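There are structures below to look over.
Shared chain: chain A. Partners: chain B in the first complex, chain C in the second.
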Partner chain A sequence: MILAVAEQRDGKLNRATWETIAGAQQAGGEVAVAVIGSGVDALTAELAAAEATAVVVADHAVLAQYTADGYVQALQQIIAAEAPSHVFFPHTYQTRDFAPALAARLNRPLITDVIAIKKQGDAVVLVRPVFQGKLNADVTIGGPAPHLATFQIGAYRADAARKGSAAAPVKAAALTLDAGSIRQKPEAPFKEARQAVDLSQAERIVAAGRGIKGQEHLKIVEQLAQALGAEVAASRPICDAGWLPMDRQIGSSGQTVAPKLYLALGISGAIQHLVGMKGSRTIVAINKDPDAPIFEIADYGIVADLFEVVPALLAELNK
Partner chain B sequence: MKTAVCIKQVVTREWPLRVNDGKTWIRDADATFELNEPDAYALEEALRLKEKHGGEVVVCSAGPARAAQVLREALARGADRAVHVESDALATADAAAVAEALAAALRDEKVDLVLTGLQSDDQGLGQTGVILAEKLGMPHATIIMEVQASESGLRVKRELEGGWFQWIALPLPALLTIQSGINQLRYATLKGIMAAKKKEIRKVTPAAPAEPPQRIAALYVPEKGKKTQIISGSPADAARELIVRLRDEARVL
Partner chain C sequence: MTRDTLDVDVLIVGGGPCGMSAALRLAQLQKAGGGEPLSIAVLEKAPDAGAHMLSGAVLDPSALRDLVPDFQQRGAPLATEVHQDRVYFLTRGAKLAFPLTPPPLRNHGNYIISLNRFVKWLGSLVEAEGIDVFTGFPAVELLFEGDRVVGVRTGDRGIGRHGEVKSNFEPGVDVRAKVTILADGVRGNLTKALVRRLGLAEGRAPQQYAIGIKELWEVPNDRVPAGTVIHTMGYPMRMEEFGGGFLYGMPGGLVSVGFVSGLDYPDPMFDPHVAFQHFKRHTLVSSLLTGGQMVRYGAKAIPEGGWHTIPRVHADGVLIAGDAGGFLNSLRFKGIHLAMRTGMLAAETAFEAVRKADLSSAALSAYQARIDASDVRRELYPVRNVHQSFGYGLLAGVAYSGFSLVSRGWWVRDPMPSHAGFERMKKIADYYRDGRPDPDATVNPVKIDRQLTFDRLTNVHYSGTRHPEDQPSHLIVHDTDICRTRCREEYGNPCTRFCPANVYEMVDAGDGTKRLQINASNCVHCKTCDIMDPYQIIDWVPPEGGGGPRYEGM
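Let's look at the complex of A and B:
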């Protein structure tokens, strides 16, 4: 049985949960869903719509707010009781915070950032990006169950998750949890000052990556954006360096966008960036490196020095 | 406060990757290597905490002999001494094996705080820090954007997704994985490079690792999901052609 672990905050399900359920269903065999929290009846009912053998509910006051220690203890107990062959998670920041600790405590392997499952005979092969997405690795797992895996956002479609003909049975997990053993003391989540720029509404975006090399070169990016009627954005390293404000960042830790035109300048296309823009209608990539992963999702590509192509584009647009 | 920073040596970003004959790793015999960038932010944060609160910064890396390069680099930036868990097998090992090697070397150091970057630029498993915390019996928090330290413990700002953040209090000793961009990196000065030559790199030989449960069966260039039209020619020709395609074919201008 594959156990798919749901993710929720304040009683709201993270969308990636349904992607993980879809992945578990497509892997074949029985699927159960686990949900962790306090007072999660409504969520349990929502998840029971899935085609699953059970929804296992870990409902406990200690689990009201997410903590790594609380989640590791709860899941350790659920796994001991349910004995799944695999445990699947969405590859979110929250999963990244506790799943490696859970795997270490169980002394079982965790394969992170999986983008596909392949069957080779009886063996299950998990595919994950490595080297910044420039290569993929087929990973095989041996040793005793359970085997743990996290699924990259978008690896499976949430709407591909099959619904059951009747609600799945709900099963309360028997938990022994002690508030005193939770070492992390969380405060309430908060949003940083409202984002000044909402890039999700932009029709066209010109985004710069490491290939821009220096803050002084952003001028040509801005000129190109202006000529195209586009907003300026960037990949994470540009914002980390302070060359553009953080609210111009596209990717898993920034904004998710889907404009009509996304023009990527000197962006290699690490998976963390791609998840934030791959829904764009037309993607143009200009990059010196013909092997840059951005070309895998681009509609149009120019393999050349952006410092030669951008001035040529400006000259053409200003004709 | 005594802080250990775990750093990794990875192949440079510009290095053209080619898969080896066994398809299990890249050909890196003549590659150039550098400090894993996310770890550079962890090192910088440790140096800043030392400037504020005093103490010592110990850098630790698990890898082959060549990994001494990034330890020297860290010493030149201001770390006080280094621990090198030296083994060729660690260059391609999974997170559990690397964490075990680091834990064995750090147990006797009795540090108050361990910092790591949030993931490596090579395998990108994003697990080593959290597994290390578990092996050292420390509480942890990940993807940290601000660190407030006091005698009684830590208060750290964790980045959640979609612009959300959360403060978390932790007792010491603790382990944090640091989010890239938390600070502005410093680079080694000539004086730092000279001083680094006199600093200690303690070598540790790890126990033979257990057979890992997972392995890379094949490494390959991903298939393209989309048919990319590559526009060639001189910059002027390519620019003209691209504008035409965007206007007439994609109709996005």
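Let's look at the complex of A and C:
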């Protein structure tokens, strides 16, 4: 059985949870979903829609707020009870915080940032990028179960997660947790003064690059984003010039995103940018230079001046 | 603001082959000598041991044998022994094999290594001795009492790009030490400051530098047999330029391919990165690489000047070792063993000084005596004028190199006169008398196919370089007006060419002129800009700890 661990905060599921469930389902075999928190009935019901053998709920006052110790202890007990062959996580900041500790506690291997699963006979082969995405390594894990792995955001599509014909049975995990054994004291979540955006959660992104030429031209990018219901993002030169805040930067020194639609305006497609968005489902590129590398990965390419194409698109969208 | 202080007996700045060897030697002396244990710390700016290490590399194992006699049993990651040396002179379309390998280039008994792996291994031996290796901690300034060095200050964390204090601010730590060993590498920022402040280079010849640009390739297995060492001279360099290429075959189809360009070229439009691409397109190289994949990229300056350019390496409370001091044999293209050896000698001197509680420059001058009595001098002194002879052209250099083998380095003027490399760069108007080239274009362009040849930005990606974007630029250009006006006119902004990482760019200022843009987060810490800038207005200082390249396997 594969255990897919959901991630939630304040009763809201992280979108990557469903990606993890989809990945677990595609690995084949039985899938159970674990959810951790306090007072998470609504979430449990939401997750029970998945095609799964069970939703295991770790509901405990100690788990109301995320702590690495709380999650490690809860998952350790769930894993002992359920004896899964594999435990899969979304590769989020939170997972990165506690999964290594969990693996160490269990003395089991943890494979991070997995982008695909292959089956070779009975063996599960995990594919993960190495050399900054230049090569993919096939990883098979030996030794006793469970084997732990995290999935890169966007590796699987959330909407590919299969839903069951009936709600999956819900199972409350028997937990013995003690607030005294939690060494971390969570404080109120830290917020940047400026509202930070999490572009990895955006379904559509309109991104601008050097071809936009001047800050004053960002207006049409914003208009297009608004018309599409999209977030605005940019390549490094734009954020570096201060035309957009750094949290809107996509690429190796910014965020990694995998939206349904990525519209690249005047972005040449340096590899530093591509690694941050190549997982997007549909990539549309508008660039004057037909040799721009962005066209090598674009699904739709328009070789034209963005200042002609974007107003035309806007006119069409606003009809 | 409260600043933490750490007191140690011996502080080693820089966790490269030199610093790690020094630390290991100290641990050995401690074990052998007994007594009150010395406290030792190593500071390293890279996020983990070896991450900023870049070299060819062929290792002369002489120092390793003395430092870790059972290095084979202890799993030293030496990729392969050298089985074959080949030397070629290249012309644009052909190669001419040297009938016999010149003695300095004979590598029998040496090993091809990844310096990254090697230093990681050395670091593990150091940590196994209980010595703290503080990775991710750059030393940004020396602490003085009068003119006596009493330690270093590490860099602050959490400063925004406009100098503002961010929520994650942590002030740097003052590490106070009885003896500080500076092993901060080629053009080390602390060594540079110390040498200037105390005039340690007075009466010495100017240091000569080169820049080495290297890629790691995976090619079909039998293409470059493991243990093959190929060196080239000639194309794409002209007679007035010093430099050459290398290819080292390792097991599993891994090949190190690189090109070294002397940082003393007269042509202001010369571009070391473009020269490297031309080298790869030469049939000798392209026939070996085509069909393979580039997997890593990096660049690093090399101190080539040799014996006469080494500054005084001791002062009150401080010793200088390794590349920081210029301990490198440019005729053999080797410095790792000298870095290790001088690290060991510095450690022996520091140990003795701490035990005797005499930390004066006079006591520490025992270090110089140790160097003079060691293989370091035996190796470097006879070739003391060789690199300088190349300053008179390729033919003069080759001729003198041969002569020096017989003369043991003698020359009518000793030291042979030389100039700092940046002073040799000519102004565009003087070099291009028949017409001014476009400073934003390449004079000798090369086709970029992203298979065999790459643009700088793509290459930088493969260096694994990362710096948090929200920090002040660690490339300090003291007067950017010069870039816009004088330099553009006089030299055509050579920083945009000699930087191998696309850090320096001239972008439209919006008023029809160009202004300098510094992409500091691309910096691979090679130090070339600090060295080669014709106005000497660029200062390389360490960025926030942990930033920089990740030379996995390089």
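As a convention for this text, the second predicted complex is superposed on the first by the 196 of 319 C-alpha atoms of A that agree within 3 Å, B and C clash if a C-alpha of one lies under 4 Å from a C-alpha of the other, contacts with A are read in each partner's own complex, and residues count from 1 in each chain.
As a convention for this text, a contact is a pair of C-beta atoms (placed from the backbone, for glycine too) under 8 Å apart; a residue touches a chain by one contact, two chains touch by 3 or more.
Because the structure is predicted, anything quoted here is derived from the model rather than measured.
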item	value
Touched partner set for A:214, first chain B, second chain C, both or neither	second
Chain B versus chain C as contact partner of A:309, first or second or both or neither	first
Touched partner set for A:183, first chain B, second chain C, both or neither	first
Contacts of A:26 with chain B and chain C, given as first, second, both or neither	neither
Chain B versus chain C as contact partner of A:223, first or second or both or neither	neither
First, second, both or neither for A:298, with chain B first and chain C second	first
First, second, both or neither for A:253, with chain B first and chain C second	both
Dominant contact partner of chain A by residue count, chain C or chain B	B
Chain B versus chain C as contact partner of A:85, first or second or both or neither	neither
Partner chain(s) touched by A:240 [first = chain B, second = chain C, both, neither]	both
Overlapping contact positions on chain A, where the chain C interface meets the chain B interface	131-132, 134-135, 190, 236, 239-240, 246, 252-253, 293
Chain A contact footprint on chain C (complex, rising order)	167, 293, 295-296, 450, 457-458, 460-462, 464, 466-467, 469-470, 510, 517, 519, 521, 552
Partner chain B, residues of chain A touching it in the complex	68-69, 92-94, 96-101, 103-105, 108-113, 125, 129-143, 147, 183-192, 195, 204, 210, 228, 236-237, 239-242, 246, 252-253, 260-261, 268, 281-282, 284-285, 291, 293, 295-305, 308-309, 311-313, 315-317
Contact set on chain B toward chain A in their complex	11, 13, 16-17, 19, 26, 37, 41, 94-96, 99, 118, 121-127, 129-131, 133-135, 139-143, 158-161, 163-171, 179-181, 184, 212-226, 228-232, 235-236, 238-240, 242-243, 245-246, 250, 252-253
Touching residues (chain side chain A, partner chain C) in the complex	131-132, 134-135, 190, 214, 236, 239-240, 246, 249, 252-254, 270-272, 275, 293
